[in-house]
Amino acid sequence: MLGLNKKDFTLLLIVAALVVFAPFILNPFPADSAMAQFNAGYPDLMQRFVIFGIFAIGFNILFGLTGYLSFGHAAFLGVGSYSAVWMFKLLSMNIVPAIILSVIVSGLFAMLIGYISLRRTGIYFSILTLAFAEMSFRLAYSVLTPITNGETGLQLTLDDPRILGETATATGSIPVTNFFGIEMRATEVMNVGGWSFQFNNGYYMCAIMLLLAFYLAIRIFRSPFGMMLRAVKSNQQRMNYTGLNTKPYTLAAFVISGMYAGLAGGLMASMDPLAGAERMQWTASGEVVLMTILGGAGTLIGPVLGAGFIKYFENIFSKINEQVLHSWFHALPDGIENAVVWVLEHFVGSGWHLTLGLLFMLVVTFLPGGLVEGGQRLGRLLRRKDAEKKTATQSTPAE
Amino acid sequence: MGILDVKNVGKRFGGLQALGDVNLSVKENTVHAIIGPNGAGKSTLLNCLVGKLIPDTGSVMFDGQSVLGRTPYEINQMGISRVFQTPEIFGDLTVMENMMIPCFAMRDGAFKLNGIRSVESDTEIRERAEAMMEDMNLAEKRHMHSASMSRGDKRRLEIAMCLAQEPRLLLLDEPTAGMARADTNNTIDLLKEIKQKRDITIVIIEHDMHVVFSLAERITVLAQGTPLVEDVPENIKGHPKVREAYLGEAAAA
Amino acid sequence: MTNFLTRRGLLKTGAVTGAGLALPTIFTSGASAFTNEPTGGTVTLGFNVPQSGPYADEGADELRAFQLAVEHLNGEGDGGMMQTFSSQVLEGNGILGKKVEYVTGDTQTKSDAARASAKSMIEKDGAVMISGGSSSGVAVAVQGLCQEAGVIFMAGLTHSNDTTGKDKKANGFRHFFNAYMSGAALAPVLASQYGTDRKAYHLTADYTWGWTQEESIKAATESLGWETVNTVRTPLAATDFSSYITPILQTDADVLILNHYGGNMVNSLTNAVQFGLREKMVNGKQFEIVVPLYSRLMARGAGENVKGIFGSTNWHWSLQDAGSQAFVKSFGTKYGFPPSQAAHTCYVQTLLYADAVARAGSFNPCAVAEALEGYEFDGLGNGKTLYRADDHQCFKDVLVVKGKDNPTSEFDLLEVVEVTPVDQVTYAPDHPMFSGGALGSCNAGA
Amino acid sequence: MDAIILQILNGLDKGSAYALIALGLTLIFGTLGVVNFAHGALFMIGAFCAVSLNKLLNLSFETVDPTRTDFLGNPLKVKTPYIEGWFGPDLGHAIIDWSVPLAILFSIPIMIAVGFIMERGLIKHFYRRPHADQILVTFGLAIVLQELIKHYYGANPIQTPAPDAFKGSFDFGAMMGFDPNTIIYPYWRMIYFAFAAVIIGGVFAFLQFTTFGMVVRAGMADRETVGLLGINIDKRFTIMFGLAAAVAGLAGVMYAPINSPNYHMGMDFLVLSFVVVVVGGMGSLPGAVAAGFLLGILESFASMNEIKSIIPGIDQIVIYVAAIVILLARPRGLLGRRGVMED
């Protein structure tokens, strides 16, 4: 189906189902229950899951396939965001030209940086990409402020030209981003019993993009091009002595992953028309590296899982404060309640970084292949149990 | 004029003259061995042929065209394939995939951005790879991770990958180094079979005289960066200069 | 989607029935009149403070103040500044009878992260007002978001002119003072202390706040006769300022102005003192260092180096007016140490918001904004204060402070030298440093 | 002229810190082949050893002074450090005053222990894992370490002064015949430079002249062969990790008076120290040291007003520009070896 084999097509279907039903899946707890804090089914976070998923999928095309570890991919995301916001400022609030421009601009930027950085391999390559990205960030933060609006981030104002759109709405506000009139920020709320599910246009826009990006990634993984990239990772020497020029292969992978990053950046700006320079900082580049490794580098679904994992902690765990903890444990006797809260306090709220750090260590120590391996192990375990059950039932009559 | 003509090639590394003034002509469809004691410059010469090193002086012509100044992949595309001392294969890939890569390289050239069509659907390449694996007795291992194969199988795979490109010149750098006797004999048989079936020129660098004398039609002896003798195997065996070169080495050791 | 604070409260009173869901209706075309209209017995406020990164301690102090304000609004504790506030419409029964709940988030002092966490408070938790923050970049970014979402933004610590200048928004309000006011308050004191014949050398953090601070203090000192020798931009990420300080030795500058905040300020001041600048004599004058924006929390990091150094601050716990004393008392009793200026502004902002809602009789951001615009109040620690309608900036007295020579405790680092009256720091709404940009019209969302 | 001399001094001083951190990082790279993202955290822990000793010495008992009041109007509790109570105010004060130099002694065993625990408890399981996994696990560790420090010490920088005796600055200008007060340099920074030189010299001497060092150097060149010789290289590598941790820690202790330590100072230095190591060339100790000083000096010069006025913002990016230029001109950095971390 769609040029995919059965296994890949199933994977695509599963991802599609997860993405389409995310507003339900991520909102498992009734809105007024104590566990509602763990609900992640609100538009902003769902958009982030999907956008960072795209970013990580793209990064994985470079890192997972070729083994080239770029420490500067956030620069492409940042450039994509800036391009999109400029498009909103100058042309119109339609996201289509904005996203197209951001993909093109970040692709060109990736071509430039990739062409230079790919002259080196290994850690030398990593440091070159890091250096370019850090330069971009620092300049964006200071000297390039006329283009980037520095620390505050590039944002829309009431006096932007928007030649194909309107400068300001009739009510005197800044117009909103849209897809041929469909407003990205519009949300429908569905209340079912104690649950409340939010369906956001912007989210579904991102979701469609994710599915396209994911589908394209599968095709790349299964194509001769993907195989060549894996061969580059495996043995460059043999590549050269097999009459293959590795340079254009790696450069193509670099540019493609840069364009994925640009798409993510453009989408991010389309959901929330502000582009902050921190998006380009090395920590942001490091984050996508962590997402990919955490999920499982070189696997199709891993990076998406990794992205979801990190964004979930950043957005959910950081919001659990002392009051919330007390509300969970108020049934306990006071002394114990305080003790439990005191312990947990370290790991949530302002301590969310600690939890994340510990989880990084645990996952990589016990699941060398990342979260995907965790899933595989779980699957194997279940199958084995299943098999045991079967053998048990089969062997019973024989006795 | 042979298919490969090396004229006056010299190469220095700092103060060390690795190759002095090497002249060598390899005739088409022959097996030509280059032997010599350690440090004689055999590997340096080989590296000059495939573009890994650029000689300081002289010329290297393959089929009337100069290979100098070309990158390894360009030289490969001219029709020269190389087998390494330790098998260089794509360890992370399966045997089948290993086989398909040279097939792609042969059909699509040094670079083709073919990112949409799946490998599976490319029957032409699959068939070619299958045929080659069949030919080289690798078909049963097609789904194996190539890194987990035995050394002999890796060597076989590497040779198969080279042959899949239908090269006119195959360079072998000590193909039996570190192999057990039985594997060595298998490799000899394999090379003989290849020679029998195909129109191919083979240049082999080898330490193991058993291998050399089983295969070579002509032998060049290299010592201290210069060719000592070049002749048919029968004449090499008792040649005094050769003895001196090797015994000298033995005495030094 | 009510947060469970609601639930907790309800459980405690044993009345679980009929809890109306305070659904977040941001960006929806739902039935509500405005974004996140509170329909149940509670109202949710969102406190967005830095919990990680260099300003985490400042963020923690802001959070303490918010918690205290919520307690006081709900009628718990001693009421703090609610007693001394000139407006007495708040009754200690929440806001408009609705119990005040709150949610918190981590800005990480990054525009992106701050917007993400503010969005989650609006979209997920149904917050009707967002407050807090410890940097101007974040304040401007979140203010923009609140404008789009249709909720009120009560800025926390943000000192850049832009927040109520070129980036001002109809839904955003700032109680904290700004760079212009710092300059205007500080310059006369500097002139009287150090004379009018001085040559100043500026080191400025290379980002928007730094630039507006430099512009303001430069203009203010120059108008008093000072000469500006040089203004040098330093990278925000710099940790060692030695290579920016040594060139000063070669100039004839006799005052160093550090337009730095936070970690930058601690390091640049420490470095400047290390290089012996304070012992230096230039043209027969003692070399001096000035830090236009002081933060007591940060000053601790610079230790003894702050002694005798002038700067300005929005508020200080040693003020003797009834409002300040009431606040210090209730904060100090609860947490064991005096509040910072960041805590003060956040506490005041929360009360001002609640008061405006109460006076307007509605949570509708447009009604609240109207109640705040042009509102004059007193008793919140800064004397008589005006929320100016033109730019949503508070105008009040500004404190000029100096590093204390003999501190009695680790909190007792600054002493108030002068309370600069409000008239002296007031500027026209169309002042060039604040021009460009417009409030726009208030957005109620929905 | 005097401006240039000053910037060279600044560069040497910054370079000392970079070189010390990069030295430890390279030791770990070179010997263990591990990409240690927690190395900055070790530097930070070192600095917090100084902070902790200072706090420890300042542990106080309280006496109530009824004549003064605190911020709530209660009688003021005056704190007196126990040390001053035990040794008398003068000696006690002197001990507190010298807390940073004392912290050097205090930190060495702590840092070595931290290094051992890290290596035995975590890093050794990652020797044969891909570099990506090493990055993830050490990055996780760095986060955990800095969050723990944040939890106990807060996020604000903590002043950790040098002894009073070293607080002033030295007038080079007067000595060299320039105008007085034009070339002055703080004592403590000069001490830092000298200290760094001693440590770097010590590490080199250790590797050069001891049997232990020779084995380790051989191990850096070819781990497998040395292992085949029947030498227990693992044990030595553990010790090397402890040594690298101690070097990073000492760099941190001595750095504390220059800039007040805070919990994320390790992360601030992390990226920079990686750039330094790579520019120096993977696996080369002299390269790391040379690159540290080179980048330190470049950074100082780039922040001169004369240069900034030609290229605005150059001081923000000079290190990265230099890194790019050097890596493009020399494929393996200044002194890197072929094949180390190239795949």
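Just so it is clear, A, B, C and D label the chains in written order, and each chain counts residues from 1 on its own.
Everything below uses one rule, namely that a residue touches a chain if its C-beta (ideal position, glycine included) is under 8 Å from a C-beta of that chain, and two chains touch if they have at least 3 such contacts.
Computed from a prediction, not measured in an experiment: that's the story for all the values here.
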Query = Based on CA centres, what chain would you say lies at the far end from subunit D?
reply = B
Query = For which pair of chains is the number of C-beta contacts greatest?
reply = A-C
Key: Averaged-CA centre spacing for the pair subunit D and subunit A, given as whole angstrom   = 35
Inquiry  = How many angstrom lie between the centres of subunit B and subunit C, each centre taken as the mean Cα position?
reply    = 74
Inquiry  = From the mean C-alpha coordinate of subunit A to that of subunit C, what's the distance rounded to whole Å?
reply    = 33
Query = Per the centroid of Cα atoms for each chain, what is the distance between subunit B and subunit D, given in Å?
reply = 51
Message = Which positions in subunit C are in touch with at least two other chains?
response = 52, 56, 60, 206, 233, 235, 237
Remark   = Contacts with two or more other chains occur in subunit D at residues 313, 316
Ask   = What chain-chain pairs meet the touch criterion?
value = A-B, A-C, A-D, C-D
Ask   = Okay, in this complex, where on subunit C does subunit A touch?
value = 1-8, 11-12, 19, 21, 23-30, 51-52, 56, 59-60, 63, 102-106, 110-113, 115-117, 119-121, 123-124, 135-137, 140-141, 144-145, 147-148, 162, 167, 206-209, 233, 235-237, 437-438, 440-441, 443
Key: Residues of subunit D that touch subunit C when the two form their complex   = 2-3, 6-7, 9-11, 13-14, 17, 68, 70-72, 76, 150, 154-159, 161, 167-169, 181-186, 188-189, 258-260, 262, 264-265, 268, 299-301, 303-305, 308, 313, 315-316
Key: Residues of subunit B that touch subunit A when the two form their complex   = 50, 71-74, 76-77, 81-82, 84, 88-93, 97, 100-102, 104-106, 108-122, 125, 161, 165
Ask   = subunit C touches which residues of subunit A in the complex?
value = 31-34, 36-37, 39, 42-45, 48, 138, 141-142, 145, 150-153, 155, 157-159, 168, 171-174, 176, 183, 185-189, 191, 196, 198, 200, 272, 274, 276, 278-279, 314-315, 318-319, 321, 323-324, 326-328, 330, 349-350, 352-353
Remark   = As the complex stands, subunit A meets subunit B at residues 3-5, 219-220, 222-228, 230-231, 233-235, 237-246, 248-249, 252, 256
